[in-house]
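Shared chain: subunit A. Partners: subunit B in the first complex, subunit C in the second.
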Partner chain A sequence: MAISLATKAATDSLEINRAPVSVGAQEVHKWLQSFTWDFDKNRTKYSTKYKMANDTKEQFKLIAKEYARMESVKDERQFGSLQDVLTRVDAANRVHPKWNESMKVISNFLEVGEYNAIAATGMLWDSATAPEQKNGYLGQVLDEIRHTNQCGYINYYFAKQGQDAAGHNDARRTRAIGPLWKGMKRVFSDGFISGDAVECSINLQLVGEACFTNPLIVAVTEWASANGDEMTPTVFLSIETDELRHMANGYQTVVSIANDEAASKYLNTDLNNAFWTQQKYFTPVLGMMFEYGSHFKVEPWVKTWNRWVYEDWGGIWIGRLGKYGVESPASLRDAKKDAYWAHHDLFMIAYALWPTGFFRLTLPTAEEAEWYEANYPGWYDMYGKVYEEWRARGCEDPNSGFLPLQWFIENNHPIYIDRVSQVPFCPSYSKGASTLRVLEFNGKKHSFSDQWGERMWLSEPERYECQNIFEQYEGRELSEVIAEGHGVRSDGFTLIAQPHTSKDGRLWTLDDIKKIGCVFADPLKSL
Partner chain B sequence: MSIVVSGGKRGLTDPKIAAVILAAIPDQPLETQRKMNYFMTPRGKRINEYETLCCYTQPTPDWIPGGLDWGDWTQKFHGGRPSWSNESTEMHSSDWHKHRDPAFRWHALYVKDKAEEWRYTDRFLKAYSADGHVRSIDPIWRDEVLGDYLGAFGFSEYGLFNSHSSATRDCLGDTLRMSIAMIGLDKVDNAQMIQAERTFLAKLVPSFNESTDVPKKEWTEGSIYKGARETVEEIWQGTYDWNEILFSGHMIYDPLFGQFVRREFFLRLSAYYGDNLTPFFINQMQLYHSQTKGITKDMFHTCLAVDENFGDYNVSLMNMWSDKWLPRTVNALKDFMGIFAKIPTIAGVTDKAAVEAALGRVFEDWKRDYADPIGYKVDTAALIKTVLSGLK
Partner chain C sequence: MSTSANSYNAGIMAKTGKDFADEYFAEANQVVHESDTVVLVLKKSDELNTVVEEILLGSHKDQNRTLVVEDRAGFWWLKANGKIEIDCREVSELLGKSYSVYDLLVDVSSTIGRAYTLDETFTITSELMGLDVKLQDIH
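Presenting the complex of A and B:
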């Protein structure tokens, strides 16, 4: 076989230079945009009113193997810390009990968000037409699997090595009992995966990740560390290293539709809806977990919120997108009001419903009450006094026969669930902006706590049909609901949830609850 | 002491804070059950780390079999379509959480393997180039077969990769979702490795064209990949049922067409044309194929085909899908036979008898591993005859 000119050239060049040659990730990536081709059926399976541009680029240009290398290095550091030094110093048994309980919720609920983001970014991978844009979303699909596993690892670690495994060891089964679950599903699950694909991207990447990731994943590490928890910073900061790429994906989503006419019509409405959807849950829940789920305090939640949400996201991040016609959400001003009081309102309800949780809650101590009053003037008159009353009536003692929920009933303060956000609220005892609105549709009543959610429901009631916990449990006795939802410890009768974290306090059992005879009622039925 | 912590003090290391924390911790752990997910049924004797970290992360209600949640979705698609629903697939299951990756790979284990493969690829390419191996490759094989037809095969892998997007979105279980995303990533990795090989050759052989233009033209307009392209397009975008996407791609098309092209064409023939570069990449693809085979056989054979309530129905459906996708795949192979006219003939290697033997290996492997477990009756000799009719 005759030697070709090319072979000869290759041979000649080898004689001159025998330096080892390889191929870099960028040399492969530069061809990625040409990997696709046009054909009749090449369209997304998930409709969107926007058109994503065919030539959209990604900012982080990874190929599959380089992605794996990068993540593997991070994993080595992270799991090395957890399995080596943190285990040797018995770190899981040096966490304040209140924070140990908070991590049952924070880690598991974040896991749900990460898990649903796998599906969400799968949808975006399908929706995008540009291979680079698909590649960006693909990297995020894999990241979200990573984060799901990482969040699970926190609960796994605390269960295996910590002071109270209950709740860490079965959160995936018991989380559905209580009042925080459905709202969490709205923001972290369905809000990411059910809707116009770009709308879902806005929920996930432009708001969830670019806005609430910072307080959720970064600020939480300061609170964790202050309360003795070094596992959470080890894992969550490793998660955060991926989030920048996800924010970039959200940015590129907007870039990809910037020249589409639909963007000028719908983008700001979708952004406003997404922001309100996310903030409606995260603002009160994060504030509650930080402030009421800790002993040592880092800073008032309202300050954290202002820095990350209002200034950093609402100002700087959205400002950068201004050239694409993106404006700060109209609902940002109302959210700012929620940042001050909504988490105090929510804690009151969460504590009142404590037996339905998969974690222990604690009423503020005297020194914490001082801190709240100093940072939220008016707190004592609204909340502190009530907590004193609850404590005086023995709310922490199983022999008392008193559940704080009874206080709401006795004082005619019904608790409703907002149909759209699924967040509970008590319009007659609240310092936040919640106001009761009730609408009837197809023979069913629906309660709402704000104008933004109500508007979403009025436009598309068929998207928000989910039963709330009061409708689901109506007529059922509380201990039955807890038992059915597996809310008990391994002895089969002691509740996972408890109204205190005192080492000397007695633990409540199913019998203690049953004696009280608490039966669920749907407040909408009495309207 | 004050409950306000400032200056970045840490509870683990600050003595005063640590003392307060330790005083609050119960003298004995409050719970003796320390095994996370203790309530689940493991695949083996004990719950392993993969099952602990992955199982029941899917928050589906109990009306989707296997779900632990209750009630409806809190937000639905415009018009009211549910977030996830049983109607997304014709397959039925008593428990959509039953699937396991046989290698029990959660994310950290998966990326660790691939990271090692990347590092080794880098070391291999440096040694290969320094050793001057490239001089031995037959120029027609190098410039036309690797340049054009291997490049074109990258589009098949890339198309299959994209077929995993909607399956990743729509599937009904957590271990399923993670497996689907991972086997999807392996497919784009294959496409990228093909381009990496072509880019590498371009660095060593000055006139070698690394551009994707000619391969894309071959893929979209040429005759050799016509049947493959049409099949991939139908799997990727013409099919909505996520189980059918996986079944058609991984239980029919790839074990037949993919295996023939990778194993029996590029891998087997490369050594005869002095090419010991391509096997390095194809062998990685074959590893992924093997891992994917374990995953998809678990999905369809270990879980769905023997489902306690729906096994018989599922097997019937798999047979129907085989009827639908097998002829297309056979046609893709028939078109691919045209490639043998493009390469220098080597007796006993590229002649009809050798090709027939290669097809025999692929079809018999497929019959044994994919068709027989679902009782699918297939005349492999007839199928091979059909494929060989494409030999020019």
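Presenting the complex of A and C:
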């Protein structure tokens, strides 16, 4: 049969240049680089004061096919473990009840961070000009979608398979009243997606991911395992397998601007602001969740922080960049003080405000108090003796009529909210780095807990207008606010949050709170 | 218990109470100190257990005597001076199945240092890739 001229030409051509039967992923990656674009007139919706170089590399040389194959294997291993062996051995009911509560906070909050990181890395994809750098950011967009699903799934798994589902199943509905939510949104949302694109990369990738995911997603698995939780290591260590590419993306952001004049002007300030923004929330909250939300202790939180944040992130990431002008963050001294004390300060306030949460808290036992004093000399005199008083006044018992918040009021220790970080603090009863500063702007008073946040506010005060719970609910009675803010279980009157994890202890209801007659007041009004 | 400077609880981390606090709050430790070490977190799996036990602590142990490997429940924690390298062609031979550098990345959980792939080799190094040293492509 005669063949067409075109077919003959193609056949002859293949005789001379045989098509390869297989091509390595990195050969494809190299070939794809020829599909570049002219970025001389690059336009982006998301501007930056830095100029990002257009020859920046991507360290892992990923192509879509290998990416999809790699991630599908990760998911297969994760869901296989969860749905087969871990369900069969009833793993979710073997978790210590205190740790079960900590996971309500950790997985719900991480889910919000992952969700916002989708937008953050999409923005960076738009801002960058180098094809390989864009490829790295694009892979991260896909990762963040995966992580959002993973965090949602672990909450679903705990709620479905485990103990005390309230708080695992729908924590977000309490976001208006929970005092930890707004601070979390400052680090996990505003810090990642608002403002200069490169600053967002520094917040998300160079600090949030390269520094704080190691305690938040890696070290947490040690605490989980020690407290009988085998689900969290299965999911979180799988999440972290993507984070190393995100850390590389953050580092390559710095590489891409290293030779830009703007870097010598702004990079150290931006890095310090990002470090303070992230540490201001993560340091006390993670320390509180690890130490006060566990029964079996792995090590003092300050040691975890010292290893992953100070020695390794500080020395290996920031220290190594010293010869390119990157300096040790100016706020490090205050951050170190916070790493030692701020989680103790925060737990005290969190316990005092427990009815506004979506998880249960427990006061330290006598055995735990000894552990705290041995590891944080001075702990008992500051915190331990107060907890003894609260316990003696029946803080766990709904019949006592006592909320620890009353202790702060009786002893004239007002609780403020830091305007920038949204983290609550009590300047007259604190061992962390917090001190009270008050500024007035447009006829409104603003409280700050540190000079670093105050400086950020002074440069763009309109960015930090979020109302705190004292302003939002001033004059309102507590049980009304809890009911309005969905802080009750499916029966409509038992609080999701409780001041104990005892299976035998009675649970507090809206009526128990109402009897106390607690009314929100804005402490700034009385200044 | 390891006495290496790279172990999980080396130096200040071995101290407790006031001794720890004194060193932690010492003036010299209020700024970061440059380190030429690298840290690798490997999720435990059939393949990664083999990489750790048979290659890094086995046949390649003499290549970097500063390497410390610690069992931290769900993961292996590794720290070394300079760099850690894993050639997946060797892993493939040992496992008796095809095992690419992307198969390895399925279980590499965290890196502190500059990590990159080239052909079938995974490297984490203290060098500043892209600044001091150019990142290479496959030839």
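By our rule, the second predicted complex is superposed on the first by the 496 of 527 C-alpha atoms of A that agree within 3 Å, B and C clash if a C-alpha of one lies under 4 Å from a C-alpha of the other, contacts with A are read in each partner's own complex, and residues count from 1 in each chain.
We adopt the following convention: a contact is a pair of C-beta atoms (placed from the backbone, for glycine too) under 8 Å apart; a residue touches a chain by one contact, two chains touch by 3 or more.
On a predicted model such as this, the values are computed, not experimentally measured, just so you know.
*Asks:* Please tell me, clash or fit, for subunit B and subunit C sharing subunit A in the overlay.
*Replies:* On the superposed model, which is not a single observed complex, subunit B and subunit C fit side by side.
*Asks:* Would you mind checking which one, subunit B or subunit C, touches more residues on subunit A?
*Replies:* If we count touched residues of subunit A for both partners, the winner is B.
*Asks:* Answer with first, second, both or neither: which of subunit B and subunit C does A:R69 touch in the superposed model?
*Replies:* A:R69: touches subunit B and subunit C.
*Asks:* State whether A:F520 touches subunit B only (first), subunit C only (second), both chains, or neither.
*Replies:* The answer is neither, since A:F520 touches no partner chain.
*Asks:* Does subunit B (first) or subunit C (second) touch A:Y387, or do both, or does neither?
*Replies:* In the superposition, A:Y387 contacts neither subunit B nor subunit C.
*Asks:* One more residue to check, A:Y340. First (subunit B), second (subunit C), both or neither?
*Replies:* second
*Asks:* Return first, second, both or neither, reflecting whether A:T213 touches subunit B, subunit C, both chains, or no partner chain.
*Replies:* second
*Asks:* Between subunit B (first) and subunit C (second), which does A:R146 come into contact with in this model arrangement: first, second, both, or neither?
*Replies:* first
*Asks:* To the nearest 10 degrees, give me the subunit B-subunit A-subunit C angle using C-alpha centres.
*Replies:* After superposition on chain A, the angle is 90 degrees.
*Asks:* For A:W354, using the defined touch cut-off, is the partner it touches subunit B, subunit C, both, or neither? Pick first, second, both or neither.
*Replies:* The answer is neither, since A:W354 touches no partner chain.
*Asks:* Quick one: classify A:F109 as touching subunit B (first), subunit C (second), both or neither.
*Replies:* The answer is neither, since A:F109 touches no partner chain.
*Asks:* Applying the touch criterion given at the start, work out whether A:K61 contacts subunit B, subunit C, both or neither, answering first, second, both or neither.
*Replies:* Touch status of A:K61: second partner only.
*Asks:* Once you lay one complex on the other using chain A, what is the shortest C-alpha distance from subunit B to subunit C, in Å?
*Replies:* Closest C-alpha pair between subunit B and subunit C: 5 Å.
*Asks:* Let me check the overlay on chain A: which residues of subunit A are in contact with subunit B and also with subunit C?
*Replies:* Comparing the two interfaces on subunit A, one with subunit B and one with subunit C, the shared residues are 27, 66, 69, 73, 222, 225-226.
*Asks:* Enumerate the contact residues on subunit A facing subunit C in the complex.
*Replies:* Residues in contact with subunit C: 24-27, 29-30, 33, 56-57, 59-62, 66, 69-70, 73-74, 77, 210, 213-214, 217-218, 221-222, 224-226, 233-234, 237-238, 240-241, 243-244, 247-248, 251-252, 255, 258, 300, 302-303, 306-307, 310-322, 324, 328-329, 332-333, 336-337, 340, 374-375, 377.
*Asks:* Give every residue of subunit C touching subunit A within the complex, in rising order.
*Replies:* It comes out as residues 8, 12-13, 16-18, 20-21, 24-25, 29-39, 41, 43, 45, 72-75, 100, 102-103, 105-119, 126, 128-131, 135, 137-138.
*Asks:* Can you check the complex and tell me which residues of subunit B touch subunit A?
*Replies:* 3-6, 8-12, 17-18, 20-22, 24-27, 29-39, 49, 52-59, 68-83, 106-108, 110-115, 117-119, 121-122, 125-127, 129-130, 132, 134-135, 137-139, 142-143, 154-155, 158, 162, 164-170, 174, 177-178, 181-182, 184-186, 188-189, 191-192, 195-196, 199-200, 203-208, 210-213, 216, 219-220, 229, 233-234, 236-238, 240, 344
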